[in-house]
Amino acid sequence: MPLINIRLARRDVPTSAQQKAQLIAGVTELMHKVLAKRPESVVVIIDEVDPENWGEGGEPVTAIRKRRQASTSGGGCE
Amino acid sequence: MPLINIRLARRDVPTSAQQKAQLIAGVTELMHKVLAKRPESVVVIIDEVDPENWGEGGEPVTAIRKRRQASTSGGGCE
Amino acid sequence: MPLINIRLARRDVPTSAQQKAQLIAGVTELMHKVLAKRPESVVVIIDEVDPENWGEGGEPVTAIRKRRQASTSGGGCE
Amino acid sequence: MPLINIRLARRDVPTSAQQKAQLIAGVTELMHKVLAKRPESVVVIIDEVDPENWGEGGEPVTAIRKRRQASTSGGGCE
Amino acid sequence: MPLINIRLARRDVPTSAQQKAQLIAGVTELMHKVLAKRPESVVVIIDEVDPENWGEGGEPVTAIRKRRQASTSGGGCE
Amino acid sequence: MPLINIRLARRDVPTSAQQKAQLIAGVTELMHKVLAKRPESVVVIIDEVDPENWGEGGEPVTAIRKRRQASTSGGGCE
């Protein structure tokens, strides 16, 4: 029973229910294809983390995104 | 100092404060009984996950519950 | 920067380096395809857990596998 | 690429954005100082947990804090 | 499908297979009793951590145990 | 009681007991300084992950290090 935990910094445009369903289906299929796991045995959990609570290179993602939006049209930092 | 993390898909009827207290007390007692751990050294964290973010068998729990409620009187899928 | 943690009960035939590389590549590609994540920003960690330390339905996987091998030609329980 | 996950029981006075930024900066610097990690490779995630979902010594933190506030001027239990 | 992760600092006398089975059975029963979870849906993972890798009060457990053994007949620090 | 989990890809030159003690002490002091946490309430767990089990940019760290060592005198990829 593989357990897959996906952790994402929440984006300005939230991850949609459809995208989450695609991630769940895609990861489950990958477990089946590579490790012959029964799909019904695969558990996937997606954690969406507040960008203020996610740090990269010593800064919160909120600061990184602000700087990026100021310098460019902005875009996902990840 | 054992650390116990309990992850649950949030249900339509939320887990009550009392149930959480029972889980915390029960797990702590189990650590004491089986491993002779001092109760004050046991830490329990309960994570409640949005059913849209929890996948089983390639589908989000939201889809599983919808299908289940359509076919029966419904009930916790877990 | 999505973080994906894959937890597996170690099997009698260990997961090969090649299979792990396929899981890493497959999950990274999925993040790119579904969420437009830059591949170089995706981190994947695979944890292989001793079957004695993994419980399902109230029993360690070791006990489940032993019973299964006794009753059939045996096969991955997951 | 070190991954550091900080889990905190949410306090009555929430942890400020500034404090989180200090934690992210401080942990990143520590990784650089002790393990010579490149700061841009360090990822920090802060999880704030509802005190009702956090147990110590067999009780939820909410109960511990209530008892503490009743007996003293109160203060962080952690 | 509740997921329970138990993290323990490995002790000088390792946790036995039997104790792990008791923890798995006990936690599964607790989920059924408190939350009416189907036992077959409960997954338990036990992580045993090297005491050198586990810190409490700013010190590795190895240092804490050494000091404790020097001052007393010694005993589990947790 | 803050819980800090540090996850590292195991390096060719293993992280020493002394470095781990420095990480534990440093993180504990940071919690005290920024959040006024009592040091004795801080728990730190360090997980060292096999580089074959750690993927970045779609590749296992083992492959990244091999390529890096071939092209340069080599050095920590993180």
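Just a few scattered comments:
Here the chain labels run A, B, C, D, E and F in written order, and each chain numbers its own residues starting at 1.
In the analysis below, a contact is a pair of C-beta atoms (placed from the backbone, for glycine too) under 8 Å apart; a residue touches a chain by one contact, two chains touch by 3 or more.
Per UniProt, the chains are A, B, C, D, E, F = Tautomerase.
Here the structure is a predicted model, which means the values were calculated and not measured.
Contact with chain B and chain E alike is made by A, F. Of all chains, the one whose CA centroid is most distant from that of chain C is D. Among the remaining chains, the Cα-based centre furthest from that of chain A is the centre of E.
At the interface between chain C and chain E, two copies of one sequence, fewer than half of the residue numbers in use are shared by both copies.
Here the spacing of chain A and chain E, counted between their Cα centres, is 30 Å. Measuring from the averaged C-alpha position of chain D to that of chain E gives a distance of 22 Å. Chain centres here are Cα averages; for chain A and chain D they lie 22 Å apart. Residues of chain E in contact with at least two other chains: 1, 3, 7, 23, 27, 41, 43, 45, 54, 56. If you check each pair of chains against the touch rule, the ones that pass are A-B, A-C, A-D, A-E, B-D, B-E, B-F, C-D, C-E, C-F, D-F, E-F. Of all the residues in chain B, the ones that touch chain F in their complex are 1, 3, 43, 45.
Note for the complex: chain B touches chain D at residues 17, 20-21, 23-25, 27-29, 39-48.
By the touch rule above, chain B contacts chain A in their complex via residues 7, 49, 52-60, 62-63.
The touching residues of chain A, when paired with chain C in their complex, are 1-9, 15, 19, 22-23, 26-27, 30-31, 33-38, 41, 54, 56, 76-78.
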